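Below are the C-alpha cells for one structure; questions will follow.
Order of writing sets the labels: A, B, C and D. Residues in every chain begin at 1.
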Amino acid sequence: MTIESDTQAPAEKETGRIEAFSDGVFSVALTLLVVDLRPPLLAHISVAQFWDSLGAMWPAYLAFATSFASVLIMWVHHHTIFRLARRPDAPLLFANGFLLLMVVLVPFPTAVVADYLTTPAARVACFFYSSIFVVLAISFRVLLWAVLRQCVLSMPAMQKLRRSYRLGPPGYLLAALAALFSAWLSLGIITALWFLWAIVAVRAEPCEQ
Amino acid sequence: MTIESDTQAPAEKETGRIEAFSDGVFSVALTLLVVDLRPPLLAHISVAQFWDSLGAMWPAYLAFATSFASVLIMWVHHHTIFRLARRPDAPLLFANGFLLLMVVLVPFPTAVVADYLTTPAARVACFFYSSIFVVLAISFRVLLWAVLRQCVLSMPAMQKLRRSYRLGPPGYLLAALAALFSAWLSLGIITALWFLWAIVAVRAEPCEQ
Amino acid sequence: MTIESDTQAPAEKETGRIEAFSDGVFSVALTLLVVDLRPPLLAHISVAQFWDSLGAMWPAYLAFATSFASVLIMWVHHHTIFRLARRPDAPLLFANGFLLLMVVLVPFPTAVVADYLTTPAARVACFFYSSIFVVLAISFRVLLWAVLRQCVLSMPAMQKLRRSYRLGPPGYLLAALAALFSAWLSLGIITALWFLWAIVAVRAEPCEQ
Amino acid sequence: MTIESDTQAPAEKETGRIEAFSDGVFSVALTLLVVDLRPPLLAHISVAQFWDSLGAMWPAYLAFATSFASVLIMWVHHHTIFRLARRPDAPLLFANGFLLLMVVLVPFPTAVVADYLTTPAARVACFFYSSIFVVLAISFRVLLWAVLRQCVLSMPAMQKLRRSYRLGPPGYLLAALAALFSAWLSLGIITALWFLWAIVAVRAEPCEQ
C-alpha cells in the first residue's frame, strides 16, 4: 500500500498473516462459547417446567455474556498491539502463541462458572475463572514487551500504551482474591474491568521506525 | 486500491478487519448449527426403526434449515450495512459486538426448537426462538444507526435503507406473539421474513462523504 | 490488480468476499468432522481392550476419511467455478447458500455411517449418506448455472466445464442405489467419484467478458 | 505487489488462497482442542472435591498444551514451506490435503491421551499419540517434496531446508517406541521435538525461479 523498502514489505505481510491467523482463533473461540448453552432436559415436559429450567440456566447466560465480552475486547486490544509489530521474530511468535493458548482456554473456565455458580463451590469456581484472566493479562503484557522490542515509539506514546495495560494483572488478581469472599464481587470486578478495557481501547500511534 | 488520503486509507483497512473478523464469526456460527444433528440412538436396530428415528428428527432439520437461512441472510445484510462504515469508533465496535453476540447465540434457541417442537412446550419454544430474533433485528437497527453516524447518504438512499430494516423488530415481535397461539404460524412468519430479507437484500449506495 | 472499470472492481471484490466466507464455512465443516472421533469408553481398561475398541472404531475412521476427502475436493471445485463469477446477484447468492447448506450438513450423514456401518442398518445408512451427495452434486450444477449466466465462455471451454460436472448427480445416484444391495459397493463408488473429481479438477479458462 | 508476468500472478494468488484455507483449518483445529476440557461432574459438591477433580484433570491439561504447541509450530512450518510454492498443481494439492487431514485428526489422539494417561493403558495411548505425529512428520516431508518440485533453491538453501525436516519422522518414531517402555519418556521426547521445531523455525530463502 505504502511505499516501502523491499525487505520491509514481506515482513509486514508476514505479521499480517499471523494477525489473520490470530483473528481466526479469536473468532472460533468466541463462537465455541455457545456450545455450552444446551436446551434443558426435562423428565416431565410442561410450559411451567420449560420456563423454569430455561430460567435456571442464568449462570450459563451470565458466564457466556461475560466471556464473550472479554474475548471480544481482547481481540480489539490484540489488534491495537499487533499493529506495532514489525517482524515475525521468535519472541513475537512465542508471546502470541502463549496469548492464543490462553484465549482458546476461555470456554473451559466459562463452563466451570456456568456449572458451579449456584453451588457451594461458587467462590472457588470464580477464583479459577479469575485466575485464567490473570494469566491472560500477563500474556498481554508479554506480547506488548515483544512488540515494543521491535518498534520505537515516542516516550509519551509508549508511556500511554504501557499505562493502559498496567492495570491488567493486578486487576484480575484482585478479582481472584475477591472471589474468596464473594463470587458476585469477583464477577463484578471482571465486568468492570472489561468495561474499562472497552473505554481505554487505545489507538496506538505509529512507530517511529 | 483507490487513491485516497493518508488518514482515510488505514481507517478503511481497519473496518475491513472488523468485517473479516465478523465474517469469521458468522461462518463458524453457521457451521456449528450442524452439531445438533446427531445420529439416532436405537435400542434395537432395524431398517424400519432407523428410518423412523431419522424421520422423527424432522424438527431438528426444520430448525437447522431455518436458522441456517437466517444467519446467511443476516451475513448478507451485515455486509450491506458495514460497507458504509468509515471509522472503527466506539459506537460501531459496540454495536457490532452486540450483533455478533446475538449471532453466536443462534444455535442455542435452534436446539431448543429442535428438542421441543413436538412436545407440549412447542409454542413457548417458538416464542423463545422468535424473541432472540427480535433482539437480533434490534441489533441490526443499532448497527445501522452506528454506521449512519459516520456516513452521509443522500436523503432518498438513507430512507430506502432505513425502510428496508424498519420491518425487522415488529416482524419478529409478531412472530413471537403468534407463537403463543401456534408454533407453526410463528415459524411460518419467520420463514416469510427471511424470504423478504433475501428479496430486499439492498445494495446501498456509496456515502456522500 | 488488473486494470478495470470503476464499477467492475467493487463487484469483483464482492464475489471475493463471498468466496472468502465460503472458504471459512468449508474449513470449519472440514474440521468439525473430527468431533465424532471420540476416545473409547471402557468398563474394564486393559491394553488388549484398548486396542480392540480403537480398532472397532474403523467405520468412524473410514467415514471421516471419505467425508474429509469429499469436502476438500468440493472446495477445490467450488473455487474453480467461483473464479468465473462476476457479480454477487441473487441467483449466485442463493445457489451458493444452498451449496453451503449441504456442505455444512456433511458431518451429520458421516456420523450416521460411522454409527451404523457394522449394524443391520448399514445399507440404509449408506443410502442416506449417498443421497446427501446427490443433492450436493445437484447444488454444484445449480451454482455452475448461476455463474455461467454471468460469464461468457468460449463454446469448447463451456462444454469442457459442463462435461466435468455432468457425471455428478447420476454418479451419486448410482451410489445410492448400489447401497440398497451393498454398503461397500456404495462406499466404493463414492471413493471412486472423489478420485475422479480430484483428477478432473479443471482449471477453467477466463471469461470472454 | 511486485511486478510479475501475467501468468504467474494468478497462480501465486491461488497458492495464497490454499494457504488462507489451510490457515483456517489450522486455527479451527487449534481451537477445537478445548472442547475436551469439560467441567468436572461431582456427585457431592464441596470445595475440596471441586479442587480435587479439577486437579485430577491434569492429563487433559497436559495433552491440551502439548497438542496446542505442536499444532501452532506446525502452522509456522507449514507457512515456511508453503511460501516456496509456485503453482497449485495436483501433487501440491494432494500433499497439502493429506497434511490437513492429519492436522484435523490431532484432537482425537489428544483426547485419547487425556482419558488414558492415568490408566493401565497409558503407554499404548502415548504410542497411538506418537504414531499420529510420525504420519504428520511424513506428511510434512511429502509437502516439502511437492513444493521443491516447483521451486529451484540454491544447493545450500535446499540442504538447510531438508536438514531441518529430516529429524521429523525418526524423532516421532523414537517417541512411539519409547512409549512402549514409558509414557512419560514418550511425552518428554515429543515436547523436546516441538521445542526443537520452534528453534529451527527456518526462514527459507526465496526461490531462484
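Here, a residue touches a chain if its C-beta (ideal position, glycine included) is under 8 Å from a C-beta of that chain, and two chains touch if they have at least 3 such contacts.
Just so we're clear, the structure is a prediction, and the values are computed from it rather than from any experiment.
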### Task
Since chain C and chain D are copies that touch, just let me know if over half of their interface numbering is common to both, same, or not, different.
different
### Task
If we define chain centres by averaging CA atoms, which chain lands farthest from chain A? Would you check?
C
### Task
Measure off the straight-line distance from the CA centroid of chain B to the CA centroid of chain D, and report it in whole Å.
35
### Query
Distance from the CA centroid of chain B to that of chain C, rounded to the nearest Å?
25
### Summary
Among chain B residues, those touching two or more other chains are 20, 24, 28, 32, 35
### Graph class of chain-chain contacts, one of line, ring, star, complete, other
ring
### Query
Using the touch rule from the top of the page, what pairs of chains touch, sorted by label?
A-B, A-D, B-C, C-D
## Note on the structure
The chain C residues in contact with chain B across the complex are 9, 13, 17, 20-21, 24-25, 28-29, 32, 35, 90, 93-94, 97, 100-101, 104-105, 107-108, 111-112, 114-116, 119-121, 123-125, 128
### Query
Along chain A, where are the residues that touch chain B in the complex?
1, 20, 23-24, 26-28, 30-35, 37-39, 42, 45-47, 49-51, 54, 64-65, 68-69, 72, 75-76, 79, 198, 201
